[in-house]
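Look for subunit A in each of the two complexes below; its partner is subunit B in the first and subunit C in the second.
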Partner chain A sequence: MTVATTKPGGVSRRRAPLLGTFRHGYVAPAALLVAGLLYAPFLWTVYLSFTSYDGLGDPEWTGLANFGRLLEDPALLTSLRNTLIWVAGTMLLPVGLGLLIAVLSYDLKHGVWYRLPFMLPYALSGAGLALVWSPILSHGGMVNLLFGVDTAFLQEEPTNTLALLLVWTWQQLGVNTLLFVVGLQSIPKAPIEAARIDGASGWQLFRRVIWPLMAPLTAVVVGLALVAGLKTFDIVWVMTQGGPGRNSETLAVTMYRDTFVASEYGYGSAVAVMLTVVTGLASYLYLRRQVGGTS
Partner chain B sequence: MTRSRRLRMATLSVAAISLILAGCSSGEDPKAGKTELTLYNDKGAWSKYFEEMGSLSKQKIGLGMKPVGYTDSAGYQAFIKASFRTDVKPDLFSWQTGGMLAEIVKQKQVAETTEVWQEAIKNGDLSQDVASYYTVDGKQYCVPMNVAYWGMFYNKKIFDQHELKPPTTWDELIKIADTLKQNKLPAFYHTSVLFSFVWFEQLLAGTDPDLYDKLSTGQAKYTDPGVVAVMERWKSMIDAGYFVNPGDKTDPGDVLKNGKAAMVSFGTFFNTSMTQRAMKPGEDYGFFVIPNVNASLPKTSMIFESGPLCSQTKAADPAANMKYLKWWVGEEAQQKWSIARGDVSANPKVKGDDEALNKITEDAGKGEYRLVNRYFEATPPPILTAALDGFGAFLVKPDSYPKVLEDIQRAADEYWSTHR
Partner chain C sequence: MIRRAVLIVLGLVWLGPTYLLLINAFRPAESYDAGRAWIPSGDFALLDNFARAWESANLGDSLASTALYSIVSPAAGVLIGALAGYAIVVLRLRYGFWWFLLIFGGTIFPSQMLLVPLFIGYSEAGLYDDRLGMILLYTAISVPLSAFVLRNFFTGVAFSIFEAARMDGASTGHIFLRIYLPLASSALTAVFILNFTFIWNDLLFGLTLTQTSTVRPIMTTLAGLQTDVYAGIPVPVGLAAGLVVSLPTVVVFLATQRLFARGLALGQV
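After this line comes the complex of A and B, so read on.
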């Protein structure tokens, strides 16, 4: 607005009415799509979470019954525990190791060649990744045969969740490394040089100078990892279907299973609402602390 | 200027809305008679066979058929349920018998086929026995898309090597398992994923088929002594080392071919897996009826499954759908369908290439077995989901069977409290 008034050019004056005329029209298709494909299904899901519904006939209003059941469902507790393992594991492994590899390799002469092997698995889709690793980790699979062990990696809990997390790390490590390398390469050099002149080096230099300078990028990487951990679905569904006996389910898998496999659309919607609240709340609290704190 | 602006705004809005609505329209004139039907199904792997049937029907009755195959059963069922509420409807669709069929009949979403059944039974194209799986409140709905009898596929080379013969009693079967175990070979295949119910249904149906039926209809409990005894027997067989690892992800077809297990319990459709692996019946593999655990039962219990082919009540062209279903159950269509898949047919007149399977169909048609509806169809979906999870957990920790049965019964109590 300020720009338009301080730059009295014919261009601005001619464009203003044109933009004014079309602005609703331009936004309409996107707004309709978002409203129709995102907001309407979301509101429908919230409504269903207060009903009993098997996908046929009409939903039957049951108030808070589904949410009451959530509190007593032992499978949901397992699912919550596994989701927490996923969130913590995602922070520790793909993010933590990614940072380590980035720090170790970013200023090396041929650093890119050290990072390349970690990047390649990122080309695989989540489902493809799971299909490849399934026979490797299954009971009697390649790892068992290769090392002569008889471990059921995908059967026992919480070993199965940890095994899946390692597979996920294998794929995600590269992209996190890349993001951290970009961050390391883009931070200003002057404060680092100044710190070096003052005698800082090694861990002290990293902890006191480099790490704080990378804070904005770290906030994004950790934020993305947090959401990715909370919504974990594909790798679990393809490799274990959340089993055996629901012991490797995450909240997203529980939501899918209850809705579409058990045809309990109401209860599944309640899980979906809970997952949305947890993800929204975790993201809000984290970003408020990170972004809010720096602004 | 104002009028021009309004005009432009209106044009843009109409264009945007048309764009969205275009995506939702079916693009067909619903009043015109159909010359090609869509057949939605959850048997994506059978697309080739459906296409062959579509070409044949076009040639024989002037009505083509185009399959739309899903491979994920849950996603498929969600789509079909959603289609009941919209104008985008499949002409024909596959479904499940048992509780799932009863559900959509109750909602008046599936077209009655009593007339098709009466005519087919009169012509000898369908049997009265099979009709019971398609009957809800005295009327028939859908027709059989496929049928399968469950028994034991065995690796003939392993049997020959150890001088074993297909058993006729349960004790003989266990003796075979012991012999194989002594030779460090697992006798049976089982899995903790999806098909975790197979041994439960087999052991229960072979011990007390009445209890099996009562369990399906909520008249018995999973914690009843008869069911507990079945779980104990199953556990004792696992403890005895008769089974492969339940977490082994090897395809059961490969398990049998590579001799990882000597026997795989499956439906006759497993025959397709065998022929796809270039295995020859009678030479590389064989099939036998699994003997009853309880030798005093009058008939051998045989697990039977049948997948329905249905038409929606509000179909675009109900007459064309009925014409297609009538043709589908006839000998000409079924002969082609049976040969293409190497599987048995619901039509007793049809003979396949495999003599062992032909005999099963013939004997079943004569009423020599007590047909028991497969657990997957016989059990209402919420109980089934809990049971599949429970059996999966049991296979990993066989000691957990009392808790597993309690968990399944909890799901059953909840379901039957509102579905009596």
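After this line comes the complex of A and C, so read on.
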């Protein structure tokens, strides 16, 4: 079938026997799965974001009403603020500390052992992380009772978001460190040696020689942290469910709550669209800055 | 030396919570006391604690479902992705690049953009709270990355291999199965493991699309456990469950670490 549509004398006509005749059959399963379960729902969500829909009956077209409501929703503003804390926090803490530990340890003898404490938490995954931290931070939990304090880590805003961010840092630091160590070990030795001979050391060596050589890798790690920070869901959902009230919600949690707890499918879809736009915009600006910075 | 001192101090700070988690996960459930949490009990109750979580939250069914999802879906996904890569690169599909873009474009959607239609669509199609529905979705999610890595991998394989096999009379399907798939085994494994980890750790889709403990994936079931001092199951039981359930991803990663690094390096050719 493909052969018939190619231009006369085209390459495909002659190659057809060689390449086989049922070539679209190979790409069809992938295309169908992706189109049916990823693209179609995506488009449907975009449509639903312009409607009012409770899951029963038909969606009712309401134009931009959902987006107007977003701007005036106090829960959404809190959620947006928390999401910004998450984004800034994940770009700063796990990445910054990871770089620090990598630079301090990459050329040390037994560096692996110095890094081991940071690697261990990475063994915990997903909801497991949140589950094990709840009894540490909860009000009658280990930190309060062991240190004889009475801090409501998970109750007051924005303390709860910051506490969750620290838990996240505790878990993510290892993998960031590892990425930086691999990067540091693969940068060329010659410039560093040359700078050492010229008398550079410590901060200067790092600032003037190592840091510029590391820049491409750092850009990738920070970019990954940016997207991960925007999508924060699991840890918040398991540890606080976005509460108390709605004061530790992130955009991803707000979307879930508005949709599946409040059964406002249209409004929830609008939150999802907003999250997508924010993520796309942030990624675009970040990429543009990175590309602009290196050219 | 200052460097070592900084590393040791930070390391101790990081070990603190690790220590608390471990000794309390090994502590008999009844003897837990938050105010004395740092004193080791000297018992080995980890497995007892886990067994208790297993019974009270039906972890067995949930684990079986997750094992099913995180093995079948990445396997199917990587195979389907490889097929697409093979069609695009080796069989020189017309508009191959656009097919590739269509498939790989599936990675850019945030999960939140899929939830509502999947929930509604699955409810109507009878796939809500159904293992088949979860397998289908997880497979679809695994496909784009598989297609990406395998397409790159096949680009690096000499086309003359294909031509020679073709001249010998092998069918395109036969060549895929007998030559290209075995060649790509390390890339296939690397992608399989990445998707395995993602699916094993998934909370959101499980939360949205399942209800009963036989269908619910493990992380969603875990998220429902309430380990609190005031309510729900005892803290050591929750800690043990969190630790044990995290183990498979660690084991799989460690067991395949070298293959994994090699496969990804090849995939980036």
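Worth a mention:
Simple rule for what comes next: the second predicted complex is superposed on the first by the 268 of 295 C-alpha atoms of A that agree within 3 Å, B and C clash if a C-alpha of one lies under 4 Å from a C-alpha of the other, contacts with A are read in each partner's own complex, and residues count from 1 in each chain.
The definition used in the following text is that a residue touches a chain if its C-beta (ideal position, glycine included) is under 8 Å from a C-beta of that chain, and two chains touch if they have at least 3 such contacts.
These numbers were taken from a predicted model, which means no experiment stands behind them.
When both complexes are overlaid on subunit A, subunit B and subunit C end up clashing with each other.
Number of subunit A residues touched is higher for C, counting subunit B against subunit C. Look at A:Thr62: by the touch rule set out above, it reaches neither subunit B nor subunit C. When the shared chain is aligned, subunit B comes close enough to touch A:Asp54, but subunit C does not. When the two structures are aligned on the shared chain, A:Leu154 is found in touch with subunit B, with no touch to subunit C. Of the two partner chains placed by the overlay, only subunit B lies in contact with A:Ser263; subunit C stays clear of it. Applying the stated contact rule after C-alpha superposition, one finds that A:Thr83 touches neither subunit B nor subunit C. In the superposition on chain A, A:Ser134 makes contact with both subunit B and subunit C.
Of the two partner chains placed around the shared chain by superposition, subunit B is the only one that A:Arg246 touches, whereas subunit C remains out of contact. In the superposition on chain A, contact of A:Thr232 is made with neither subunit B nor subunit C.
Judged by the touch definition given at the top, the superposed model places A:Pro29 against both subunit B and subunit C. Taking the listed stretches 77-85, 95-103 or 185-193 of subunit B in turn, the superposition on chain A shows a clash with subunit C for 77-85 alone.
According to the touch criterion, the shared surface of subunit A, contacted by subunit B in one complex and subunit C in the other, consists of residues 22, 24, 26, 29, 33, 36, 55, 134-135, 138, 140-141, 256, 259-260.
Residues 3-4, 6-8, 10-12, 14-15, 17-18, 20-21, 24-25, 34-35, 37-38, 80-81, 83-84, 86-88, 91-94, 99, 102-103, 105-106, 109-121, 136-137, 139-141, 143-144, 147, 163, 166, 171-172, 176, 197, 200-204, 207-208, 219-220, 222-223, 225, 227-230, 235, 238-239, 241-243, 245-247, 249-250 of subunit C touch subunit A in their complex. Subunit A makes touch with subunit B in their complex at residues 21-22, 24-26, 28-29, 32-33, 36, 54-57, 75, 134-135, 138-141, 152, 154-156, 240-241, 243-247, 256-257, 259-264. Contacts from subunit A toward subunit C in the complex involve residues 2, 5-6, 12, 15, 18-20, 22-24, 26-27, 29-31, 33-42, 44-46, 48, 55, 97, 100-101, 104-105, 108, 114, 116-118, 120-121, 123-136, 138, 140-142, 144-146, 170, 173, 231, 233-234, 237-238, 252, 255-256, 259-260, 265, 268-269, 271-273, 275-276, 279.
By the touch criterion given at the top, residues 5, 8-9, 12-13, 16-17, 19-20, 74-75, 77-78, 81-82, 84, 103-104, 106-107, 109, 192-194, 196, 244-250, 381-382, 385-386, 389-390, 392-396, 404 of subunit B touch subunit A in their complex.
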